[in-house]
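Down below are the structures I want you to see.
Both complexes below contain chain A, partnered by chain B and then by chain C.
Up next is the complex of A and B:
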């Protein structure tokens, strides 16, 4: 099929979309890099003096930057941990033959369809509220002082909210993988004397490795840019306790009106995301081959 | 050690009664083949013996011990699956070692056994490959290797050769027969291919709709089928079954004559027919002829017997080889010339 003619025709026909995608990426990147070198504050209109790397120096030496970096990693890592472990558990449960299987599956997948702002508001007001929240009710029922989730453990609270949203995604991907496991292999392992636990470790888990990789890659991409959940619950606070990189850049640009500084932060975030991506592809991407 | 007794075993899936009631004795060291058309319950029966399905009634005994409620691993049987069911992420070595590892055997002993099995099965050069990098025949041997390292009391084969091409099937048939000769372990083998059944078995169990139609050695089944089903199922090409006046003249509802027991002639004979298809296999030719008054008849004739489509051929049955059946389809005594 791949003759010289079809190949050159394919290149020719792909060219417009490649050019479009390239421009789509390069123009905003170039603009951001350009802004990051200017003294560009919305409160002082007029002349935007060229500053060189000063914006970067300010952003990187800002104590909030280091906090945000740690928070971002904790948020991504925490959510990944909960969704992978929980997703495997739910997938194993949903794989069982039960009455009303279809409805249970739809219910389990529902949180994924709730938009982030709504999900975060529901959690904030209905579950985590220290006065009216359901959790507070349980705490009082147990005779304890209600916990003010968003004030005392803000980052962990956000991890719970985001994990709740992403758990269905992980469950769904892992469930499909689980269902593609050959029945005869399970039976062979059973004949070979493997206990249910051994079958899970030696057969099911290796079979799901590829699906787990897919979940990690896709979730990481989205979790690095979590924003709405933080905006509607804690506003990054108290202090910088629940500020991630995305939220820090937002506050730099639209709360402090420092476009230059925010652009520098954006470039730093792009570089960090690429470092994470390289590591991920190196470490887990191997699973996607063969 | 490896006798299996099946006593009054039945199996139902919901409403469907797959196996109504079966009694069967498999002796130690025997090569038993379950054969029958698709959906006859032969695989189900094997899975009941393996413990992969629960029986709905009756008992299964292995070496005299009741294992009806025992888990598959406790029965001391090894199974080779149709799809081979190798573990795709493990090397050949780990695949073969898996049952030993699950039995918490000493690593040095495991290595010794795996290498021994690999040697027997010509897999030594492939031990570090993954199943995905092997050919169909090699995968089949790995599956057998995984079964033999356990030193089971009996091997169960579930249509193990159906995914192989014709040439390889012939080779593997010989290898499995040879393996049985070497190990002298009981083997229970399920197939729908009667050539596998005839060539490998000590004892063939013909199943139809969950019932045993006949149990016997290959030649017994060939020479004296107990009923019409077995007569039609065993033998290739199929036995010609004839009803009507000719059968009545032999005092039977139906008479059967195997294609190889028809004497062909171009000049004269008992039956006159027109050749519809002549399948030339070299040594033999299968003649499909339309015989006047009887309908289509198949004859197995010498390869040199030159007839073509549309030509006339005369066929004479060897009456000492006739099979006679009554109106219930049961065989009527030795098939000698009737009254």
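Up next is the complex of A and C:
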């Protein structure tokens, strides 16, 4: 009896969350799929003729799509590379005995709390600006021609900005994981004469594997949807040099008002994200069970 | 002898760690310093580090020109509002999942996590059109609603990992003593759950404060939170570094302070309890 009551009460208590999330997932998705089959432009009112898969054909054969896909992969991959390698290194350093560790941690974690628009504008203007930026000043000091970062290497510049925001996150998580490594194990390995390098490869790294996979999973979720940093720095340009999928679909919908085409793009983005997600959840799942 | 080597090692490692930390923090420090400069000093060559004419004029001007406090207020309403509503919806769900879990609980949790993986741009178009047709564009409550939904999975997950640690025997004991479900929640569960709820609250306010996809797309002026407000500085006229810095400092300072208090919860919350 009691269990029956508890069960139905439990169901009732879960219902709002589950229903809301279900609606949040299914309504936009269904609508986007529907729109993606229509000839629907906000600038041309009237009937929206059914087009079938034409929007998809246009979107997938648009050279901008291919560029955006590559840029998305480069952006996610680049930031992951910098933050994982840098994060492991920095976490190993912070795990040692250092003076003022608390303050170091506070300073290092700070960039993660900076909102994306602020981060992007500060880097764009005060560091990467070819005339007044600090980088330009140091380039001139070194006798070099200042670089117009966001015009000549836009995607790389955005990778730097985004990596700056996520390196603290990776460091913090990896450091937390390092601190849970058993001291006795480390000492035992040391006593057995294992070198620092082999202690790292055979003891520390496997211990961090779970944290590393978690960092990859979470960063990937957020990095696939980088938007604000692109909007306020380059607007995806020059050309499509710094356009990722998210930005491409945004510009097609809200700048070119092509609802049909953008919806097709949205569905493509959802499918791609799902492929990544399935792949990631498998790896992470394996690591989490263990 | 050995001790001196260890000490030297500690000094060297400390120096390296401090240099990296300061380098990471430098853009924030630089923004802070620039916010007190005149526009001329802000772009001076060589860059002025500390010895410039300190002024608070930029802060006054940012407020006067673009009504900073309105946007600050919008950010507070949106971040706190969406978090509180999210908590109200998620607390019962997380409670049920932690204390009356069935075989399906894990599936539901994984499914909730998977909704987080859907790229927001896949939902942008319908949401934008619905908002436009319902007059919700540039409205605070519209944004509160959207941010509640996008952070709901994280709130449920975080609460679940905290509730899971509360020993179930205590609840059974209370039940044996004849406590009703309401009493069980109010007198037994709540006091034990408060720390977890507080951490969840803190982390989600931070996430909602910094959310910059939906806020940028669904707000323009009246309901614009600080993310959108700052983005309006991307196409400036004339000298503006000092004012940009003042606006930026004011936008990040409150959350930076909250963030420093929540480092521990951050790890746990953002990793869905997988790393503690």
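Operating definition for what follows: the second predicted complex is superposed on the first by the 271 of 290 C-alpha atoms of A that agree within 3 Å, B and C clash if a C-alpha of one lies under 4 Å from a C-alpha of the other, contacts with A are read in each partner's own complex, and residues count from 1 in each chain.
Here is the rule we use: a contact is a pair of C-beta atoms (placed from the backbone, for glycine too) under 8 Å apart; a residue touches a chain by one contact, two chains touch by 3 or more.
On a predicted model such as this, the values are computed, not experimentally measured, just so you know.
Superimposing the complexes on chain A yields a three-chain arrangement in which chain B and chain C fit side by side.
The wider contact with chain A, measured as residues touched, comes from C rather than the other of chain B and chain C.
By the touch criterion stated above, A:29 is placed in contact with chain C alone, chain B being left untouched. Contacts of A:172 after superposition on the shared chain: chain C is touched, whereas chain B is not. With chain A as vertex, the superposed Cα centres of chain B and chain C define an angle of 80 degrees, given in steps of 10. Within the superposed three-chain model, A:105 lies in touch with chain C and out of touch with chain B [touch as defined at top].
After overlaying the two complexes on the shared chain, residue contacts for A:225 are found with chain C alone; chain B is out of touch.
Contact with chain C, but none with chain B, is seen for A:115 once the two complexes are overlaid on the shared chain. Of the two partner chains, neither chain B nor chain C is touched by A:275. Of the two partner chains placed by superposition, only chain C is touched by A:254; chain B is not. The overlay of the two complexes leaves chain B and chain C separated by a minimum Cα distance of 7 Å. Those residues of chain A lying in contact with chain B across their complex are 182, 184-185, 187-195, 198, 202-203, 206-207, 209, 290. Taken in their complex, chain B has these residues touching chain A: 50, 52, 71-73, 77-79, 81-83, 85-90, 98-99, 102-103, 132, 146, 150.
Of all the residues in chain A, the ones that touch chain C in their complex are 2, 6-7, 9-11, 13-14, 16-18, 20-21, 24-25, 27-29, 31-32, 35, 90, 93-94, 96-100, 103-119, 121-127, 132, 134, 137, 164, 167-169, 172-173, 176-177, 180, 210-211, 214, 218, 221, 224-225, 227-228, 231-233, 245-246, 249-250, 253-254, 259, 262-263, 265-267, 269-270, 273-274, 276-277, 281, 284, 288. Residues 10-11, 13-14, 16-18, 20-22, 24-25, 27-28, 30-31, 34, 43, 45-47, 89-90, 92-93, 95-97, 99-100, 102, 108, 110, 112, 114-129, 149-150, 152-153, 156, 175, 181, 206, 209-210, 212-213, 216-217, 226-228, 230-231, 233-234, 241, 244-245, 248, 251-252, 255-256, 258-260, 263, 266-267, 270-272, 274-276 of chain C are the ones touching chain A in the complex.
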